[in-house]
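After the structure tokens below, expect a handful of questions from me.
In this document, chain identifiers A, B and C correspond to the written order of the chains, with residue numbering beginning at 1 in each.
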Amino acid sequence: MTETAPRIPPIRSVAPTEPADQLRWLVDRAQISDLLIEFARSLDERDWEVNLALYVPDGVFMLGDRLRVEGHEAMRANTVGDAGLDQYRGTWHLSANHAIEIAGDTARSRSYLMGVHRLDGDTYRHADGAGWYDCTLRRTPDGWRFVTVRIHEVWHGGERLPHA
Amino acid sequence: MTETAPRIPPIRSVAPTEPADQLRWLVDRAQISDLLIEFARSLDERDWEVNLALYVPDGVFMLGDRLRVEGHEAMRANTVGDAGLDQYRGTWHLSANHAIEIAGDTARSRSYLMGVHRLDGDTYRHADGAGWYDCTLRRTPDGWRFVTVRIHEVWHGGERLPHA
Amino acid sequence: MTETAPRIPPIRSVAPTEPADQLRWLVDRAQISDLLIEFARSLDERDWEVNLALYVPDGVFMLGDRLRVEGHEAMRANTVGDAGLDQYRGTWHLSANHAIEIAGDTARSRSYLMGVHRLDGDTYRHADGAGWYDCTLRRTPDGWRFVTVRIHEVWHGGERLPHA
């Protein structure tokens, strides 16, 4: 862990013992994993509105302690446009190590990411960043949604990241 | 998304509401994830015949719009031998971001890959390519099998890929 | 496959046919995946004691044929301190391609890893190694635990790994 990482209690994922609860637990886990993967896909296909809708309306995105963006409107300004992900020719967000803790209608997750951002038409020229997302989630009538998404960066590669 | 990516409708993964259907859905997802992972393993352990058997007999492999290989015989000629993956000293195919949509006995998936191809005995010398697979699948008496596998490349790293 | 890889029988993951068995199978898979992910997290957050507790007391860690460490005490000496992972400013262990085979109270798994080890405060300076883990597991009163963990390395990147 880098020296500046905040200490977040590790995810505690405990399977229930009753079959009906186990089934519910497995479906919840699957749906939260799907949400994490849809988060990556929507970034990589520039589906900005879909990406925003994965947060509750007052959701918060944090890039470590350096950036905090609250609410869909502010996120839209941050993500889209020349200063955000729109500037890249292509991105690729790997999503793995899904750790999920469910407590009724709320949940926490940690998932590892590796984000590759292409700068131009040369597929060998890209700026890479990797670490993990710490998220909190809430069950809504539309399914699980992000309340907070916080990136903890661990390493970089390739070119310098212009948008970070 | 790179400018040449075909627009494929995003995977819609909707959990059923009835317990029996949920269980079936979870098992199908697990089996399709296993197939994606076995696809990677069989490439990385050079189990060519096992890899081919993961496709239906008239299955199709596509590398973007640049390559289209149909049927086991043509795939065998394409994959094995000096022009294919056989030329590498070792490969490593990461498989992540499994998005799976099931409709009865057919399914669609998108999964992210990162393929690393070692050129010789130096483990630091390799040609890397990454992107995602868009697949269609069919349930057969032997389990889920690939009908089509299409690679969409996003970025490259390291040495130039000789086989692509 | 690199020329020195031992031939381990591929994971055979066969879903049961009875609903109660399917549910048990899905929960076991989820718990073993969680263990693999907790293994990575505990390394990356330097939770050495938590990491050791993921093995049975006489568990074995192997780095190919080059290193074999048996039991918590020996692992503690190997992992912690200036010669082990403690020397890095931060690590990041990707865990993916989880293949899991369950046989009652024992199991086998293969999972892909990519380990990135930062050497100092420069997030662009790191030593990377990747390959897969072959593990055997046992069900204990505390849950699934590792009996053996064996790393098969495929490729490296970045700086030389000082601890390997």
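Convention: a contact is a pair of C-beta atoms (placed from the backbone, for glycine too) under 8 Å apart; a residue touches a chain by one contact, two chains touch by 3 or more.
If you want to know which protein each chain is, UniProt gives these names: A, B, C = Nuclear transport factor 2 family protein.
Here the structure is a predicted model, which is why all the values come from computation and not from measurement.
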item: Rotation angle (°) superposing Cα atoms of chain B on chain C, nearest 5; value: 120
item: Homomeric contact chain A-chain C: same or different residue positions, threshold half; value: different
item: Inter-centroid spacing, chain C versus chain A (mean Cα positions, whole Å); value: 24
item: Multi-partner residues of chain C (at least 2 other chains); value: 23, 26, 94, 96
item: Residues of chain A defined as touching chain C within the complex; value: 1-3, 5, 10-11, 13, 15, 19, 22-23, 26, 29, 94, 96-99, 110, 112, 114, 130-132, 153-157
item: Interfacial residue positions of chain C with respect to chain A in the complex; value: 20, 23, 26-27, 30-31, 34, 37-38, 40-41, 44-47, 50, 89-92, 94-96, 116, 118, 123-124, 126, 158
